[in-house]
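The first chain written gets the first letter, and so on, giving A, B, C and D; residue counts start at 1 in each chain.
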Amino acid sequence: MTELEAGRARALVPVSSGAALQRYRDVLIAVIAFAVLASLPLFTGSKALLDFVIRCSAYGLFATSLNLLVGYTGLTSFGHGMFFGLGAYGFGLIMQKLGVPIPVAFVATLAITAVIAAIIGAICVRLKEIYFAFVTLAFQMLIHSTILSWASFTGGDQGLRGGIPRPTFLGINLANHIHLYVASCALLILGLLAMRQIAQSPFGYTLRMIRDNAARASFLGIDVWRAKLTVFVLAALFAAMGGMVMALFVSGAYPEFAYWTISGEAIFINMLGGVSTFLGPMVGTVLLLLLNDTVTRFTEYHGIVLGVVILFFALGLRKGLLDFVAEWFARRRKTGEGR
Amino acid sequence: MDLDALAGCLSSSACLVTQTTSGLIIGMLLFLVAVGLTLIFGVLKVVNFSHGAFYMFGAYFAMAAYQLTGSFALAMLAGAAGTAILGLIFERVFMSRVYGADVLMQLLVCYAFVLIFDDVVRIIWGPEFKSMGMPSAFQVMPLFIAGGVVPPYYLLLIGVALVAAIVLGAGLSRTRIGKVIRAAAHNPGMVSALGINTGLIYGGVFALGGMLAGLAGALAAPVRSLTPGMGFSVLIESFIVTVIGGMGSILGALIGALLLGLIRSFGSLGFPLFTEGLMYLFMVIVLVSKPTGLFGKEAA
Amino acid sequence: MSEAVIEVDDLDVYYGTSQILFGVGLSVRQGETMALLGRNGAGKSTTMKAIMGLAPPRRGKVSLRGAVISGWQPHHIARAGLGFVPEDRQIFPEHSVEDNLVIGRKKGPEGQDEWPIKRIYEVFPLLEPLRYRIAGRLSGGEQQMLAIARTLMGNPALLLLDEPSEGLAPIIVQRIGELLRQLRSIGSTVLIAEQNMHFCLGLASHATVIDKGQIVYAAGIDELKANDAIRRRYLAL
Amino acid sequence: MTRTRTPGISRRSTLALMGAGAMTFAAPWVARAQAKTIKIGMPTILSGRVAQLGTSSRNAVMLEVEKVNAAGGLAGRQIEMVVRDSKGQPQEAARVARELVNTDGCELLLDGEASSGSFAVHEVARDLGVLCIHTCSEASSLTADPKQHIPNAFRCVRQGIHDSIVGGSYAAAISKAKGLKKWATCSPDYAYGRDTTGEFTLYLKRFAPDVEIISESWPKLFQPDYTEVVTKILQAKPQALYSCLWGGDLTSYIDQANIYAMFGQMEVFAVNMADYTALTVVKNLPKGIHSGNRYIKTFPTTPENAAWGDAYKAKYNEYPTNWSWQNATAVMFLAEAAKKANSADGKKLAEVLKGLTIKCPFGADGTVTMRGDDHTLVGYAIGWGTTIPQEPYVPEVKAGDWKTIFELEAEWKKSKGYT
């Protein structure tokens, strides 16, 4: 997997015109993807399908942002969900208490998240591997317990009640299902595009170098701590975006959004889809949500079903689905060339 | 915050004895679970996320045996032995396939079994909570020591946990098998080149870890309600314990568990609404100042 | 002529996709001390690991007294009578000297127990006063002694020594040489991998030379001593 | 849980799923509204620690739905229940609720969620305008707070404030009789626990002004070990203890307090004790714990109530829970409303439900009412009594007085700024 990535790195970095071309291609793909998604309501009246895509946007942004840490930088965070929760709560609280226009709340939430992520990140990113995972988990639990304890402000375990007001802004009414759907799609595509740009930028290659050999990276004059902190904050911002989409969808924020299980789900999504391709987490998101939605329809013993599926991925494929497919293609191409 | 209550307690021997023993009780039971976790991590380098399930099974096995036989001793035995067998099977059949793989893969396998085990318990014993009941031998008046209250059952509990700690500590440092286990933690390749089946050692350690968690579950069964998913909060707490104490360190698990027990017993006096947060705060402080935990060694 | 204790036949070993050994074959008879000589990276260690089951061969076989042991797990191979002393010694640094020995203790393949700890201390008098010392604090030479002693505790029918002289002061190397001669005199069968030819010339009975993963020469030790060409071509530093 | 009903439901949901695909593309609302059966969606918690909430709620609903269907259904349409697990996660509850309406074509919702889940489903009801009856959440603000109020949502659940008023006056009477001045509280640290405890002490002090709270403990929800809390209370040496722990937490607490012999040292008022889920589970139930009724088949002491409890037990081989009667009542309300409106349309049902009084085995006087102004259940049997270790567990229950409840509730609402 790393070889694959490294191979692409070699192919791309020196040729800057190639990188520019790639960027145009990415933008083009993003525009087409958005056009397809946004025109979906014209073809189907299924609100459930639109709901599904909205949820995919929320989780997809969140899971892909985690992959910036796990897949690209080698930072396995067990507490990434705190930023999902922060996004949902920040946005919900600002809308409920201040009644500002939605874009203002959006930007303000990102700013708050950036500050908190910078503080937590500054403490966490100097730790390695499992210890980094534990400290992020500890911070997540601390934030979760704070949300529960500070009931007068956060509503405690009952969450933000009474709905999040969604005033119309420039003709966009997020209380309207279709508007909310298109807005979510736009956020998803913009977020993914931005993360893609980060991943393919020189900074993105710096991250990969840190992942593969931090000592060498710092030997080459890279400030590893600073790079890690930067990506930690960036990933937090996209996670918060996911949280905001979720808050808009359920019209509320709940402490479960900041619980460690949500981080666990994101990790699970990444493993399911694969961490060595950019779209792996997106594939994982769709897979997990589909799986969850269908299995809960048939049985209340979904734990067993989900468990068996996980075992299939962990013990059978031993990697995420998109990784598996990518490797399979790579192998096939190789043997094809051999012939 | 209620610092007066805390200060008041610290100046009264009765309160000091009662709260200290209550911290010990919480701590020792937690130690039994955490020491298995830390042992498995130390030797197999695997963070056993399904450890809470063994605690749960221990409690359910004990309850089932107690209902069947009416014997408390058999109930404890069933809890410990049943989970030991379960641990052995779990390790040999599933976990052994992901050694050396990505940590996340190992976590995923464990997570899968957390889901599966919880549902299995739900299918066998139903979703409602159960209670094993206190054996009549322990339905006696609590003892009064220096004005503090100590129930006899908890003395037994602390005793069993202490014995387990001593046997484990002595076993690992004094017996040949203990020495082999510690050697395998360090260098499994060399151990196997000396003619020792490391697979068996791994299975054995996992079984031992599972058994300790199962024993904790069995010991807790008379005083805690049984429900699918009951292992979860215990897992999180023993996780905190091992992280504070240092992953892989048995002494660390003991100290960490006792510290946590005492934080809870005295924290509930001083900070009744933030006892939980206090634990996480403590963990953050320890990790930030010493990332490997109090007694942890730098990863080799 | 006594039977071959170990026969290595046509081994191919790969690390990942790169092939390290190409059809390696050798045999050691009862009571022999066989030196496997070659430059750094020639494939000596890999041969040892392949025999021990730590680097499973893709092709070829290893047989111990006629029974094929290649493909077995290392601990089965060890129980069958092979005792391995790895090149970096790999003592257990947090255990005491005696604990290291105790961990190595096992009966031989025929249930023999020729190396009780008392005899170990007789043969390795240096170790006895250090028995409660933490092994990680021993000197390199002491660690090498301990590693050999630990393996002997398992009563091997064949002792595999990988670079026992590596990184040790000449005086210590000399002492280890004496020890190995002593083992030979009591009839132990030994396969020793070395790049230090001079160390081996004095104690081995036979020699096999490996280069670039292939066996290039095999003969009695005296013959090798006489063959300047081979020595210069494959073994000169 | 190996009873025949489970496959029955999943077969139904299988069919629902197969139909769902076709449904979404077929003519949506009108076609479905005229369908012969009416689907009622029910998001609830069927897995995890409080799975009993969902299963016992579902049991009761199915029991009642069978009766309604046998009697001709809702305005001539057979009811088809679609019960789905939310795992206790609010975002799942919202998702499931939306899916039930949007994909499965459910026209009504029974919300079997606790705490935050019910608020999430409430928002869905607000968004989709579908008729929704909350059947499990006791959080007072769900209906008392006018900001929460929507015309299409009702609550068919006992309420913390009612409990506290009855409990406070009951406890005050005992306090005065026995001279219990020093009180301690021990309740789970979440909204229900804090609110209910606060309200209980408020009314206790109102009826018995010389009472003093000398110690408060707030264990976490689902905390496995209460030792430090038990010992803390023992240190404080109160004469009486109030707790609104429930379910497994309450039984754990009792088991652990038992071995400290706590129950001999103080009067204990545990509002959630008199529920079979707790009563039958605790092996060494101490005598004389004061409790509010949850579901108990001997209170109200009517043949209807006893018969209902027995029918439930006969069908599911266990006693109903507090959630069971609430869910059963919700179905009874729907049936009666459909009869009155002669329609199963959500809007018309909502109109009729406002202020509707129906005959009900769980009513204080044989009837219960869906109060018109705040859409919440009143008039249900509510009272306090003391426990004994075997059946009937709570031999005598002193019924609360609804007139007092209404007066004090109105006052409480005013103090909260709700009216």
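The rule is simple: a contact is a pair of C-beta atoms (placed from the backbone, for glycine too) under 8 Å apart; a residue touches a chain by one contact, two chains touch by 3 or more.
Remember, predicted model here, so these are calculated numbers, not experimental data.
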| item | value |
| --- | --- |
| Shortest walk length in steps over touching chains, chain A through to chain C | 2 |
| Between A-B and B-C, the pair with more C-beta contacts | A-B |
| Relative to chain B, chain with the most remote C-alpha centre | C |
| Closest chain to the centre of mass proxy, which here is the mean CA position | B |
| Whole-Å separation of chain centres (CA-atom averages), chain B against chain C | 44 |
| Intercentroid distance (Cα basis), chain D paired with chain A, Å | 38 |
| Length of the line joining the C-alpha centres of chain C and chain D, rounded to whole Å | 76 |
| Touching two or more other chains - residues of chain C | none |
| Junction residues of chain D, two or more chains touched | 46-47, 51, 189 |
| Set of chain A residues in contact with two or more other chains | 149, 301-303 |
| Touching chain combinations (by label order) | A-B, A-D, B-C, B-D |
| Complex interface listing, chain C residues touching chain B | 52, 54, 73-75, 78-79, 84, 86, 90, 92-95, 99, 102-106, 150-151, 154 |
| Partner chain D, residues of chain A touching it in the complex | 44-49, 51, 55, 148-149, 151, 155-159, 161-163, 175, 177, 246, 249-252, 254-257, 293-294, 296-303 |
| Of all residues in chain B, those that touch chain C in their complex | 176, 179-180, 182-183, 186-187, 189-199 |
| Chain A to chain B touching residues, read off their complex | 70, 76, 123, 127-131, 134-135, 138-139, 141-142, 145-146, 149, 264, 267-268, 270-271, 301-304, 306-308, 310-311, 313-315, 318 |
| Interface residues, chain D side, partner chain A - complex | 6, 10, 13-14, 16-17, 24-25, 28, 46-47, 51, 54, 84-85, 87, 89-92, 94-96, 98-99, 102-103, 115-116, 119-120, 123, 126-127, 139, 141, 145, 147-148, 189-191, 194, 221 |
